[in-house]
Amino acid sequence: MTIAIIYGGTRQNGNTETLTEHAVQGIVAEKIYLRDHTIQPIVDMRHSEDGFQDRNDDYNSLIDRILPHDILIFATPIYWYSMSGTMKNVIDRWSQTLRDPKYPDFKNKMASKKAFVIAVGGDNPTIKGLPMIQQFQHIFDFMGIEFGGYILGKGNKPEDVLQDKEALFAASQLNLQLKG
Amino acid sequence: MTIAIIYGGTRQNGNTETLTEHAVQGIVAEKIYLRDHTIQPIVDMRHSEDGFQDRNDDYNSLIDRILPHDILIFATPIYWYSMSGTMKNVIDRWSQTLRDPKYPDFKNKMASKKAFVIAVGGDNPTIKGLPMIQQFQHIFDFMGIEFGGYILGKGNKPEDVLQDKEALFAASQLNLQLKG
Amino acid sequence: MTIAIIYGGTRQNGNTETLTEHAVQGIVAEKIYLRDHTIQPIVDMRHSEDGFQDRNDDYNSLIDRILPHDILIFATPIYWYSMSGTMKNVIDRWSQTLRDPKYPDFKNKMASKKAFVIAVGGDNPTIKGLPMIQQFQHIFDFMGIEFGGYILGKGNKPEDVLQDKEALFAASQLNLQLKG
Amino acid sequence: MTIAIIYGGTRQNGNTETLTEHAVQGIVAEKIYLRDHTIQPIVDMRHSEDGFQDRNDDYNSLIDRILPHDILIFATPIYWYSMSGTMKNVIDRWSQTLRDPKYPDFKNKMASKKAFVIAVGGDNPTIKGLPMIQQFQHIFDFMGIEFGGYILGKGNKPEDVLQDKEALFAASQLNLQLKG
């Protein structure tokens, strides 16, 4: 069982990263920092004759790094009560990959994976982050991905999340689970 | 009472646009098509000494077009059970504008507005679009914006939404309300 | 296709009833007014040796009236952001019926039905009623019932809902659909 | 700071009770077992000339036991993705108490309290229990009650919840918080 982490935050060593590193301590994982990559928004060409065009950015290379792994961790700060716009752009592009002849097995491969969400926010995340969790549930359901669970941490300033004992404990439990 | 529409879709004359145009028929409105603009994702510098840096894109010019209006319509196709990544990037950037000395009254000005959401999706939007509506509620609550209402339409292929009688009726009702 | 309406309100001719009658105008329907019946709360005996005991109330007779129909309309005022306690008690009792040898086909029979929810509330129902809709979705999913759609009306004082043009229109559309 | 626990379950020593007792270990608390009381559903008489009538049941005596306390714990098994019908009936009756001359300060007194929710369910409670949490949020917001937090535990058969390490840890953390 191998793991890929998709980091949606824009700040190095942000709270989401701190919490996620806690969850994967001692485990090898492919870590994808979206902030280091250029990802274009989708251009919806589903109903155009020409179909989708190559966007000439880093998106496909990220998909290539994600696909080999069994477990995906979506680690995002809660920006405005959901995942970061950058992470949303990655997921929006899945609509293109689902129709991309270069990835004929995209949905099947994704459907064999298990996903976790780790998200830290400053404004009452265990309540106001719930629509985001429900959104992820719909996303995973559509793709056939098993939703393994989520951790909602509280934090604003760097290292705040280290005070969130429940989130840290949940991360330790996830660590044990990932170590199998 | 003047109106600005923020269009989050990437397709010209998509279903969301069709439905929204129905709602503003006969009304002058500032129409902002995000697809025609370059908007960088936010880089969170709240906790950096240097603070936020100018992103040299079209974002500020869009804010300048939005701010004078009393009513905002967020018109987005439902991509993966929420607003498009492009629209999310715009909202993420509000965190920067809230701290931008060039916009000292940003929050106050936004708090005097009333917002509507119009969104069209193909996968059971009146159920699976609900987390998005709850997310918008949290966004508007944070900013002090009054949430005037929303319309969730059903459609996939171009013009599908013209078959959604309830969405069209709701758009007509909104039209009457906007005409005051 | 025959229809049963489960009325959860306690007031005669309340707004929920007004709106629902609009939806079934000209259609024969079995109308079950829970307020006219005694329904005991469930006593969870799943893990007791003796199992569930007969509760000697009207519940089974209501189930007998519901089961023959193809379409169920759950019509409830929104009390405290969800269905009435009386309607909840009926649904809670399904846990007993699922294990009741007198109803060996309960789940299968329910799974062949299509359900609608009609609910009227006074406090921002199209936003604050959404968790109730999501709860119904989970309920119907568990039973395998198809969720045909819902109408959230606004009203407080008797006949208020007649001012909610969108809810009335949605009820008319449902009426056409039910007349098939 | 004193505590009242409102137990909504029908089974003695059910999982919800086990988890809640963990949270209040070593703390004196007023424990109200709804299953031991008769609580009639509300009859909505807000718009009747006669107004609400006394229901001649145990409800008022429960309110009398709840009101003196600073902290309320709503402890309910998750029945059909929300609180038990019995607990819902108690909350529905608040609409009557809000208009009851015998309780002129009901809302003010409730508004000074802090509430927690502890709920255990068998069917993916950390996902499918979320609409219930959102419903409680709306309930507490309406009354002006501070929502202190919630614990969603997993369990079906008696004592199952003892395997839910995260829920137990959260209960221990709540215990520390309540001990102040």
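So that you can tell them apart, the chains are marked A, B, C and D in the order they are listed, and the count of residues begins at 1 in each.
In the analysis below, contacts are C-beta pairs under 8 Å (C-beta built on N, C-alpha and C of every residue); 3 or more make two chains touch, one makes a residue touch a chain.
What you see is a predicted model; the values in this text were computed from it and never measured.
**Q** When subunit A meets its copy subunit B, do both sides use mostly the same residue numbers (more than half shared) or mostly different ones?
**A** same
**Q** From the mean C-alpha coordinate of subunit A to that of subunit C, what's the distance rounded to whole Å?
**A** From the centre of subunit A to the centre of subunit C is 38 Å.
**Q** Per the centroid of Cα atoms for each chain, what is the distance between subunit A and subunit B, given in Å?
**A** Comparing mean C-alpha positions, subunit B is 24 Å from subunit A.
**Q** At least two partner chains per residue is the criterion; list those residues in subunit A.
**A** 130, 134
**Q** In graph terms, with chains as vertices and touches as edges, which category applies: line, ring, star, complete, or other?
**A** Contact map by chain: ring.
**Q** Across the complex, what residues on subunit D touch subunit C?
**A** Interface residues on the subunit D side: 9-11, 14, 35, 41-45, 47, 77, 79-86, 88-92, 94-95, 123, 128, 130-132, 134-135, 138-139, 142, 157-158.
**Q** Over in the complex, which subunit C residues touch subunit B? Could you list them?
**A** Touch list, subunit C to subunit B: 126-127, 130, 133-134, 137, 147, 149-150, 165-166, 169-170, 173.
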